[in-house]
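Both complexes shown next keep subunit A, but they swap its partner, so subunit B is in the first and subunit C is in the second.
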Partner chain A sequence: MTGATLLELPEYAAVAPAVIMIVTALLLLVIDSISPEPGENDRLALNAVAIVGAVTALSVSAWFLVAGTGQTEGPISLFEGALVVDGMALFFSIIVSSVTVLVLLAGYDYAAGDRYQAEYQTLVFLAASGMILLGMANSFVAAFLSLELASLPSYALVAYLKHNRGSVEAGLKYFLVGALSSAVMLYGISLVYGVTGTFQFAAVAEAIADTGLVGILGVGIVMIVGGVAFKTASVPFHFWAPEAYEGAPAPVSAFISSASKAAGFVLAFRLFVTAFPIGVVEGVVDWTLLFLVLSIVTMTLGNFAAATQENVKRMLAYSSVGHAGYVLIALASVTTGSDGYALGAGMAHLLVYGFMNTGAFLFIALTEYWDVGRTFEDFNGLGWEAPVACVAMTVFMFSLAGLPLGGGFVSKYILFGAAVRSGLWWLAVIAAINSALSLYYYSRVVKAMWIDDPEGSFEIESYPVGIYAAIVIAAVVTVLLLPGFGLVSEHASAAASALV
Partner chain B sequence: MIATEWYLMLSAGLFCIGLLGILMRRNALIFLMSVELMLNAANINLVAFSLQHGNLSGQVFALFGMALAAAEVAVGLGIILVLYRNFGDIDVTSPTTMRW
Partner chain C sequence: MWIEALILSTLVASGIVLLAPNRYAGKLAAALSLAPLALSGIMWLNYDAAGNALLGGDMAYETTTRWVEFASYGLNWHVGVDGISMPLIVLTTILTTLAIVSAWTPIDTRQSQFYGLVLFLQAGLLGVFTALDFFVWFIFWEVVLVPMYFLIAIWGGPRRKYAAIKFFVYTNIASLIMFVGFLTLVFSMGPSVRAIDLTQVAQLVRTPGVVEGIAGFSPNTVKLFAFTLMFLGFAVKVPIVPFHTWLPDAHVEAPTPVSVLLAGVLLKMGTYALLRFNFTMLPGVVRDYAALIAVFAVVSVIYGALLALAQQDLKRIVAYSSISSMGYVILGLVAYTTHGVGGATFQMLSHGFISGLMFMVVGVIYNETHTRMVGDMSGMADRMPWTVGIFVAAAFGYMGLPLMSGFAGEVLVFLGSFDSTISPLFTAVAMFGIVIVAGYLLWAMQRTLFGPFDLETEYEIRPRPSTTWHRWWCCCSVWSGWVSTLTSSTV
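And now, the complex of A and B:
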């Protein structure tokens, strides 16, 4: 702990963000058991505890990041190096806990009539703790355990509406692909262990340098890439994403598409920079080339598929696949001896994306709450009925498309700039073309909301406070990230440079 | 002592059987069993390599792997149960309310 200026905390306090998430999850179960009959407990108390827990985790992560925990005096290594707390871990902890706060706020209204609200919140907290730990994982054991801790509650959350066929189908498909990819990843890990004899990332890199078993190692690395691709919803393990995001309750879609994707990327960043540095494994598997191909295929597939959708939620799901493709640019741009610029750009984009994408999915949650329908046409004229939410949605859409209305513009600009900086100017061109295409389908939503005339009248009876609060906060942060981007990218590139 | 290559071949075989099961069978329970085979193939590798390298971390991870497989099955069975209640079937190809 670098507490020369602040209070002196023991080293293990650095995992506090994850611990707060786990403690809140257990606390919610305890509160729920006060009255054993489902749905009889005080909804306000449950929500208050949940939101306080998530905000505490967010504040602690932000405090640690600003105070320089694990940064000024080098990373804090815990449990024999299984976990490491540094700038990158804290940065992603902020992303995950911000998304958790927004999702829980929206859940206050969305799950209002629900009898199993405490279980829902507990699952969100357990998944969030897994995602935060994934950012801290520094050995294959810790990485795989946190990956599962993040995934298993997510499967249950997606299938949460157990009487809704869409939700169950989404949960099944998410589970099938997830179980398969985690088995593939574990097998990959076992092969890498066979070659190196260790699970610790840095030790793996050392052992790889003087090994002759390049064949087994190569297969292992490619299998691990598969596990990462699943978590980040990248090609070739993206099939679950559109189904899961469409069928799941909208706040859950927001949570999985923003927080879970960020968690997958932080694992990828740390894994490929510390365990398989490109300078060491270049002769075995050139993973920058692999990620380059995945990036192009993922963004192109995501954007083209999104352009053909009629259902707004499904369009957002494919756009989320497209954004995974953009962030993969960060990994593709890592070169031997490069600094943390590209990774920092990817991290900053994930933070901005966390707010704008969560906001967009929470807007869908709002329309589901009002029951206005799912297609673009159903949104016709909604802007005049619910102007605040629709202005926010307009901000999200244009920011996702990369127009200078929100932080999405700068983060994309820096990210594409990182590709150019690594000499991949044509990758930046492909990304820019994709981004231009994405403007088409994002602006369709805006056009429907503000320009087209409604076919019928809306029956909007109430304006739910929780969902509105979450959407407005997300929109304000998205806009503020435009002028405030410098602060984010400063922390991101410092954290990435420390890793590289 | 049996050479490590044999363990590796056994586990690769198990892994392929599991993978084929996932690709060719449509029953969700068979899917779970196939995933179990794949996870256990990885566990065999871990234990065999642990012996070869002379450190115990592989064996410990194999224990974790078993616990995780059990947790995964618990969640999976829950999802298969609601699948049966909603669709009256546990054929993984039967839910097709969403299509691209």
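And now, the complex of A and C:
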């Protein structure tokens, strides 16, 4: 892609990834209203539209990122600075739309025979567009609206199995904690607005420099951290995560634990680096210290809780909390005058995590489809029944644990390196011990699949194409991200450096 | 391109064997493992470099390509061999082929997975010994754990699951601690380091004044801190007492061919890394704390030997005596004299061959008798003269009898450490280790191999090895014994 062709596109075309998501959502609703009782043909049409929509959003984001949109000539600012498209926004747009593609592929089989399939897909697309917009948000209003756009469909998705008590209960819990944290965050935003008189991130940073209302501002910032903690499933707003991930249909768990978490982090990255740069708010509140504490507590709690689970899906849910703790290292390692190393490491890890974690949850979707059971013991001997899926799951587990079977190895260690580089070597030691502990529970899945003998025998009747495709794609990408990590890291560090 | 070809041929072989039918997997794996063996042989013959590359020695077959660009840092695909790694590569390829052949009889389930994983393990090991960029090295270092975990956990003995997970988590924690230690060292050098290339880092760290204090610590404290973390990490792998507890479990539960690789090559990863990192990069710390490290070495030698003395299980005896032998390697390294380091390197090789041979012989005996307990058998020489002959030869090698490679290694280590600044007392105490080794090996041989034939288990033993595999066994074992004596003469 050359610069000349890019110039032909108007500036507002830069939000195309989000627009494509919204248009697809509406298109799906139209198809659904034309034939509300989907037959086999309609099902194909629905899925085709959905997957094409998501793949288009993914390709456009990737194209923009590679072509240098919002990077070579500075960030593209739209709607009077409410949205901004730069390398970071596009990078997260890629994460969100990749996860969306995988989840939709898996949904082809998982939601087969369900009459609300179009609604399900529409909700996924609406949430995805909210997450992409969250990555572009450059003012508190845009950020809050995108956050709600991402959250509201997610609540409904978690409670999607409306005759399943677990799903409904999880949805309610998610909604209540979400509503609470949104309220807290909104209150924090109003306090910051009260002090600075502006919603725009960069303007907030300028206004902070000459304000006397330090106390109110500090309270506001801490409250905003609460909102971020909810979205990223970090302590202290992580309570919803294990319930929601366990109760929700597995593809939805995959979507929320990967894409939604990434969206929460991109908001945090942009917000804290542009609106509350550490050099400016140093006298007000040291948010790196706050994130440092949150990081340690989150990763330790997540990993220890995961180690005690008997239910695999719940174990993955807690491990997802643990990974939020690792990514928080990126925020904790930001220092005055730092380059893009720490944030870039966090971004790269979120991308790899998007594939490996989605893949792991989709494997759970596969076992739910087969009705294998929920505990580790139920997985015994599965490896010899379904070798392809189980090899993929082995890759996901070891990559999540930080063994070099996938990109998770490189991204995790570059992230730990960020801590060491900022002089927080003991944080890296804590993270390393956590990581080693995580190997214990991740390897339990592997052990069950390949090493333990099954008690009874079960027959696998059919191999669902969609879920298999999604799992295999996720596994291949996870593995390829090890040798191909250079591609990711280059864009991640460039995008992060442009921001700080 | 030689090294890439070497690693790639192993990886490809691993993939092919994984997909091959179980019946042919063993033979196929052995045939395919000849490719890396031949390659490493050719590399060795054409090899004209010498010395420690990180200290300005020559490097052969070197390639460097930019792999990952991150912020202002870069990771390179940088591989090469020098005087330290070349012998270890040959050791790896020889022992892998031997281990594969020795697995033909004992491994009778899921063969294609077994041999595929063994070859995958080999690829990881070759990577460890050739990588010269820290991150590439670390990838291979961790890759080794994965096949090892499966090999112990699926094909191991009764307590295999416990042993496998213990090995896995224990060594993983160690690696991570080492990782933090190394990174602390790298980042303490500030902006002067832009790549974690081992050769560059080694040179910079040794330049006075480059390491800066971080987080309020003085440069020397930073160095000591990094040294300690890296030492702890590698000490688990070696293993050095008191970090050795994973080893007996892993060895006893692992199937024999895996024990061969575990003792023969995996333990050398620890000493190799200690030599590459701690002793090459931070000689100042080594000098300051030589006495302390020597204490660790001597305790490993004596305590490992005493533990071996207390065992009834032949496999455990060999496992514990490995701890003792690796103690000599550490002693040679800490002496930091030409003889010491040379002896340590040689002892690594020699122990690789001898311990591999011992495990193979114990494996043969176990296959025939289904017991490894010293008290359960006697007079085996009567029924298995060949096997017993090899056992005796290997045991003599272990004891360090002249003309055996064990002798050369130990003598060099002792010469080196007597010569060095550390107190001769350490060396004197360590030499008593040999007496204990001779004690338990002679005792075990006397009870199991000689005297009137008696066997507690209900297995018939043919008086002569007649089956094909058994002849193979003997050939391989004799050969590896021969190689070890041959290498001893080259020093």
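A few points about this structure:
Heads up, the rule we're going with is that the second predicted complex is superposed on the first by the 488 of 500 C-alpha atoms of A that agree within 3 Å, B and C clash if a C-alpha of one lies under 4 Å from a C-alpha of the other, contacts with A are read in each partner's own complex, and residues count from 1 in each chain.
One rule holds for everything that comes next: a residue touches a chain if its C-beta (ideal position, glycine included) is under 8 Å from a C-beta of that chain, and two chains touch if they have at least 3 such contacts.
These figures come from a predicted structure and were not determined experimentally.
After superposition on subunit A, the partners subunit B and subunit C are seen to fit next to each other with no clash.
In the superposition on chain A, A:79 makes contact with neither subunit B nor subunit C. Applying the stated contact rule after C-alpha superposition, one finds that A:179 touches subunit B and leaves subunit C untouched. Once the two complexes are laid over each other on the shared chain, residue contacts for A:116 go to neither subunit B nor subunit C. Rounded to the nearest 10, the superposed model shows the Cα centres of subunit B and subunit C diverging by 140 degrees about the centre of subunit A.
Once the two complexes are overlaid on the shared chain, A:339 sits against subunit C while remaining clear of subunit B.
In the superposition on chain A, contact is made by A:246 with subunit B only, not with subunit C. Here the smallest spacing between CA atoms of subunit B and those of subunit C, following superposition, is 25 Å.
For the contact definition in use here, the subunit B contact set and the subunit C contact set of subunit A share no residue.
Subunit C contributes residues 66-73, 75, 135, 138-140, 142-143, 145-146, 149-150, 153-154, 161, 164-165, 168-169, 172-173, 176-177, 179-180, 183-184, 187, 214-215, 225 to its touches with subunit A in the complex. The touching residues of subunit B, counted against subunit A in their complex, run 4, 8, 11, 15, 18, 22, 28, 31-32, 35, 38-39, 41-43, 45-46, 48-49, 52-53, 55, 57-58, 60-61, 64-65, 68, 71-72, 75-76, 78-80, 82-83, 85-87, 92, 95-98, 100. Interface of subunit A with subunit C (complex): residues 339-341, 344-345, 348, 398, 402-405, 409-410, 413-414, 416-417, 420-421, 423-425, 428-429, 432-433, 435-437, 439-440, 443, 447, 450-452, 482-483, 485-486, 489-490, 492-493, 496-497.
Those residues of subunit A that touch subunit B in the shared complex are 140-141, 144-145, 148, 152, 155-156, 159, 162-166, 168-173, 175-176, 179-180, 182-184, 186-187, 189-191, 193-194, 197-199, 242-243, 246-247, 305, 314.
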